[in-house]
Amino acid sequence: MFLQLSTWPEVEAYLKTSTACLIPIGSTEQHGPNGFIGTDALCPQLLAKGIAEETGCLVAPTLSIGMAQHHLGFAGSITLRPTTLIAVVQDVVNSLARHGFDRFYFLNGHGGNIASVTAAFSEIYAESSLGTADSNRQPLMCKLKNWWDVPSVGAISKRRFGGAEGSHATCSEVSLTYYGWPEHQKRVPLSPEIAPTGPIYDAADYRRRFPDGRIGSNPALASVEAGEELYKAAVKELSADYLGFARSGEQPL
Amino acid sequence: MFLQLSTWPEVEAYLKTSTACLIPIGSTEQHGPNGFIGTDALCPQLLAKGIAEETGCLVAPTLSIGMAQHHLGFAGSITLRPTTLIAVVQDVVNSLARHGFDRFYFLNGHGGNIASVTAAFSEIYAESSLGTADSNRQPLMCKLKNWWDVPSVGAISKRRFGGAEGSHATCSEVSLTYYGWPEHQKRVPLSPEIAPTGPIYDAADYRRRFPDGRIGSNPALASVEAGEELYKAAVKELSADYLGFARSGEQPL
Amino acid sequence: MFLQLSTWPEVEAYLKTSTACLIPIGSTEQHGPNGFIGTDALCPQLLAKGIAEETGCLVAPTLSIGMAQHHLGFAGSITLRPTTLIAVVQDVVNSLARHGFDRFYFLNGHGGNIASVTAAFSEIYAESSLGTADSNRQPLMCKLKNWWDVPSVGAISKRRFGGAEGSHATCSEVSLTYYGWPEHQKRVPLSPEIAPTGPIYDAADYRRRFPDGRIGSNPALASVEAGEELYKAAVKELSADYLGFARSGEQPL
Amino acid sequence: MFLQLSTWPEVEAYLKTSTACLIPIGSTEQHGPNGFIGTDALCPQLLAKGIAEETGCLVAPTLSIGMAQHHLGFAGSITLRPTTLIAVVQDVVNSLARHGFDRFYFLNGHGGNIASVTAAFSEIYAESSLGTADSNRQPLMCKLKNWWDVPSVGAISKRRFGGAEGSHATCSEVSLTYYGWPEHQKRVPLSPEIAPTGPIYDAADYRRRFPDGRIGSNPALASVEAGEELYKAAVKELSADYLGFARSGEQPL
Amino acid sequence: MFLQLSTWPEVEAYLKTSTACLIPIGSTEQHGPNGFIGTDALCPQLLAKGIAEETGCLVAPTLSIGMAQHHLGFAGSITLRPTTLIAVVQDVVNSLARHGFDRFYFLNGHGGNIASVTAAFSEIYAESSLGTADSNRQPLMCKLKNWWDVPSVGAISKRRFGGAEGSHATCSEVSLTYYGWPEHQKRVPLSPEIAPTGPIYDAADYRRRFPDGRIGSNPALASVEAGEELYKAAVKELSADYLGFARSGEQPL
Amino acid sequence: MFLQLSTWPEVEAYLKTSTACLIPIGSTEQHGPNGFIGTDALCPQLLAKGIAEETGCLVAPTLSIGMAQHHLGFAGSITLRPTTLIAVVQDVVNSLARHGFDRFYFLNGHGGNIASVTAAFSEIYAESSLGTADSNRQPLMCKLKNWWDVPSVGAISKRRFGGAEGSHATCSEVSLTYYGWPEHQKRVPLSPEIAPTGPIYDAADYRRRFPDGRIGSNPALASVEAGEELYKAAVKELSADYLGFARSGEQPL
């Protein structure tokens, strides 16, 4: 069930069955010469569709722009400052909390979001802890789940790509987007085959360390077929994880 | 050309032909008993596709969540506070400006965004005017265009819906989304046929004034057919408007 | 009744008769070679006096500094950033709300304030909608009224100035201030007679487009006599508009 | 010379003679049963006129609303939060700095402003010290001067009012406003004659400690005559103080 | 009793005897050629130990970094912007208020903190006055006490150092730190003997006015012996002052 | 070398040998019935002393208050909101960067800080990436190192405490503080022996899940002897890690 394609009475009905929802969150940033700039948003958005089919969960609109300051050296990359992203997550959660939602499952497609989104959760909890939240706000539970953090995805990646998986513009994420948007696959030469690795600081530094944008990966190995395998495995495992979070017998204490 | 489905070298190439881009911006808020909660984001997103086909413009990811505090009395509505939305627009524009973009055409689907987005433009310009912008930032031009603010849309609406068009959950916007997502059309009874009108204050007040969420409209009249007519007319006129903004001989002074 | 010249027991007494007040808001920015830098604040301040005499309304101190980033290319102009102006309006309204005021009529003298002040209203309403307002705060109603947005002012302007009225440093506003402060009238040559028109971006761009600060106007036509006619007509219409807002039978819902 | 009644070319001419200006800053807050709510803004505004006549200095519009949270227990009082006031002072100074002003003399009428305005100065200087100011911004010098902090005012107060001067709604400030606005003098009984004294915390505490708003004063002693004496003495001394600041041979280092 | 070395049950027990606590606050900034960069934090930290022994008060961790923008021209100096410091003080007080503390005695070691910390107190009180504080928050009382603002310290300084005391890197504060950390005493030549005096603006200006960082002092006169005398006198007087604040019969009104 | 006990000329000299520094960062929060509230700040502070002896690094004052909203249900706990902590880290780094420091090694004692401090690093880098940093600011490198994240600490913990180590109020951290402050050791009964485990949300939830504050640990096993072993191992490994970061041949790119 997609929030964008639902009506408010339908959401009201949904809330009688569940107070959890899924919020895809990604980024808009370069993914090397053959990866989509939207990769990190498109992956959780695609998987969310599968998870919704599997679990019936409500899917909020994808938060497509994340914290990507380090990619600003490459055309097309967009960042929110961490403090902006924190405010966005706060507002989204507080809006939905007003309707009775109390479990927020952020399906994340971008490592660079983890710190800011986790900090946002603390900012939201701090409203309760410091007593500045809406006095009617129920206790809230937020969870950030990286789509690739399920065993089957790791296993497929290891089997198919081994040391060429990398950590940015990875074979897996590029495969997943090729599976979702096969007509947009790019075939361009990559050199060197496997990109360098290293730490991340600011945008100028990133561009010099990783001249074509990739980190440690050879996404020339990406394929629709691998994407399909990843999709099916991830949907299955993430659906279970979502339900574990959403249906947990325990209420927020 | 969609930013999310492009690579950074493709954006770099695009920038040699144009420094303008189109950013759909909408809202996630109730649209009455038969309108999608995503209406205000889906309309500019749909039209952006047509405008991109027509003009070749680069389309950024849709900013799907806008300023909708007055709709929070209805399940599923999400708002950003005005100051959050200002920060988001600032960050998006400043990120893209770094790559050489200097003309930002925000295609807007939500009246409630106008003040905050316009204020955001001033906040961005003020960075230049007060000297706190990146010293390498070129002069920027931002434009907010409501998709319904073209003569042909007004004419079609008047001819087809007359006094039943309304100002929220309008026949036109519901038609446009039905055209875009026909399988999700909702057929539910509306009572009264034409919703009341009045001013907008906070969410509790809104809910009491407009009990089913609509303002002045009878979107039972919405249809795929009307949506198609609106789509074609709007794409044509907005494409011309976009090009007038993007190709204008004059540089930002 | 002027807040600045009243005592707190007098305000307490006033609140037994009305919970509305009028807040003049303007700007401090160049108005061309012969217009006062204070024009946009002085106009609503002057009119507020007339409206107070007519209606007995309480008039708060004029907010003399507004959002004028685009005028910073001309000496003496002062701006608040939009986010600063939002905070100011928030604090003023929340302070007065504590005493029982619930209807805030902002009489505005500056087009550049509209977006930020309207966004401020939404920020204030959002405190209710998101539940972060003072839990004792009653529902609030805010209205922004541009002093020139009454039919009689338009009619006088059209009759007297026609195409020379313009949109910044207009004949009407300069006339109104000359009527209020006749001893400060400036007589300086203007060239060209009618200033150019165009869009507004940042301060450097504005200065280049509109070299002497005016937009589309020939305020050499301004006169004390025209100012007096405008004053009387505007006070009459705005008084009625104020009372319609303040005395409306309906309570904030 | 009043900024509000000047044109931008006049300000440009002024800047060739001086880069200093005077900014009256006050508050809008209860001043007991017979003092004006505007006392703290009206005093510096009135004195600024005299100082301008004496020195030819440029006077910016009065910042009429200050930090007055502790007065919110009395009808009509308005506060800016300290952080809002800091932002306002920052924006005003940075706007004027753009035109070449580098010496800002804030003539203050409210003790409650001192901390926030002084903090604002540090926030402004910190922009230079941390390198985030406009790279074209010259070194700035800001001074906060309480109008009552000149020896002659102290002497007159002591001679005329002695122990009845008090520290809020003082005999001196009420006298000064009675001199400026004699037709608005209030004659109401005060009980006890001399108000209690004590520390200041929040608004509810203030109201309980100081039930009619005064602290330590008996402003029934206020008079137009005393106001005139204070006015003349203060204008003379403050003019000299202003010139010492503005004309100082030394440039900001 | 030091908060850092206590357990939460011990604090819970303490709260049954007192709802006051002491918070040392200082700065990390140059103190001339022979003064410690930590002087302003170390002084109140040292004295807090003595006051705790004397009074049994609970001592929070020292806030070692304050508002020191003007010292940034000297290596090692660190500043918080005033608005950052305000947020820190707000969070500390609101955290402790949640546990039942309602009297906060900030023992201050740095003149540059006074404005920002006092503004922070107003920001905190404004939460009550504007109704945005935790609705369970009791009335709060905050006090800022400069350690040197007790008569005995002034007397010792005058007797020992006379006109060489100065106002930054003073003989007294350097003595006090030498007493606390005698093994770190520095013996370096100072020239001129007594440093110049003058106003404070930004960091570059400060460095030019006060080339070695001192203002008006000759801290070569500092000694462990003087520090000990100052320590004993200050602890005694400050202990009494603390108890007067903490034990005051009156509750926050 | 401790910044607080150094003079500015000494820091200037240090900068000729190294542009790196170490910043201990912790928290002030309950650590169960027998752990110090200051545990998370005292551990990195203690280790920093050892690392400084080993490496000669400059140690900044400990940032003793961190992000601990979830502990506010226990007396004495203090939190900064994530956005406050971000501002603090930003100001500290930007201050030190002005003097030439470009490598910032944050030695962290609190898991709850990781997200906010990492987000702060991105906020700082974003100033470079978006062009709003001081134009003279060199490229910066920040690293967050949890003191327990070195192999030897894990090995000692496993050998000594096994499954009783836990994740809050751990045997290791309590041991380390007992080693540092042996006279403050607490011997109190703990029940159950090993505390429960679970997820972390807001303060009320935390208190209900973990009634005495511990998570998964039995710190009755903590000892001075274990603390000493941990201290020596950690100092050694962290010194090497610090030097690897500080002396790295490569410059920030």
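As written, the chain order gives the labels A, B, C, D, E and F, with residue 1 at the start of each chain.
Here is the rule we go by: a residue touches a chain if its C-beta (ideal position, glycine included) is under 8 Å from a C-beta of that chain, and two chains touch if they have at least 3 such contacts.
Predicted, not measured: the structure shown is a model, and the values here were computed from it.
The chains that touch chain A as well as chain C are B, E.
Repeating the A-C interface, with the same residue numbers in over half of the contact pairs, is the pair A-E out of E-F, A-E or D-E. Distance from chain F peaks, on a Cα-centroid basis, for C.
The pair with more inter-chain C-beta contacts, choosing from B-F and A-F, is A-F.
Chain centres here are Cα means. That of chain A falls 24 Å from that of chain B.
Chain B and chain C have CA centres that are 29 Å apart. Averaged C-alpha coordinates put the centre of chain B at 46 Å from the centre of chain D. Each of the following residues of chain C touches two or more other chains: 72, 79, 81, 83, 91, 95, 98, 129-130, 132, 135. Of all possible chain pairs, the ones that touch are A-B, A-C, A-E, A-F, B-C, B-D, B-F, C-D, C-E, D-E, D-F, E-F. Taken together, the chain A residues at the contact with chain C in this complex read 91, 94-95, 98, 132-137. Residues 2-12, 15, 28, 30-38, 41-42, 60-65, 72, 74-81, 83-84, 87-88, 90-92, 95-96, 98-100, 181, 184, 186, 188, 213 of chain D are the ones that touch chain C when the two sit in their complex. Partner chain A is touched in their complex by these residues of chain F: 67, 69-70, 72-73, 79, 81-83, 86, 112, 114-116, 118-120, 122-123, 125-126, 128-130, 139-142, 199, 201-205, 208-209, 252-253. Residues of chain C touching chain A in their complex: 129-132, 135.
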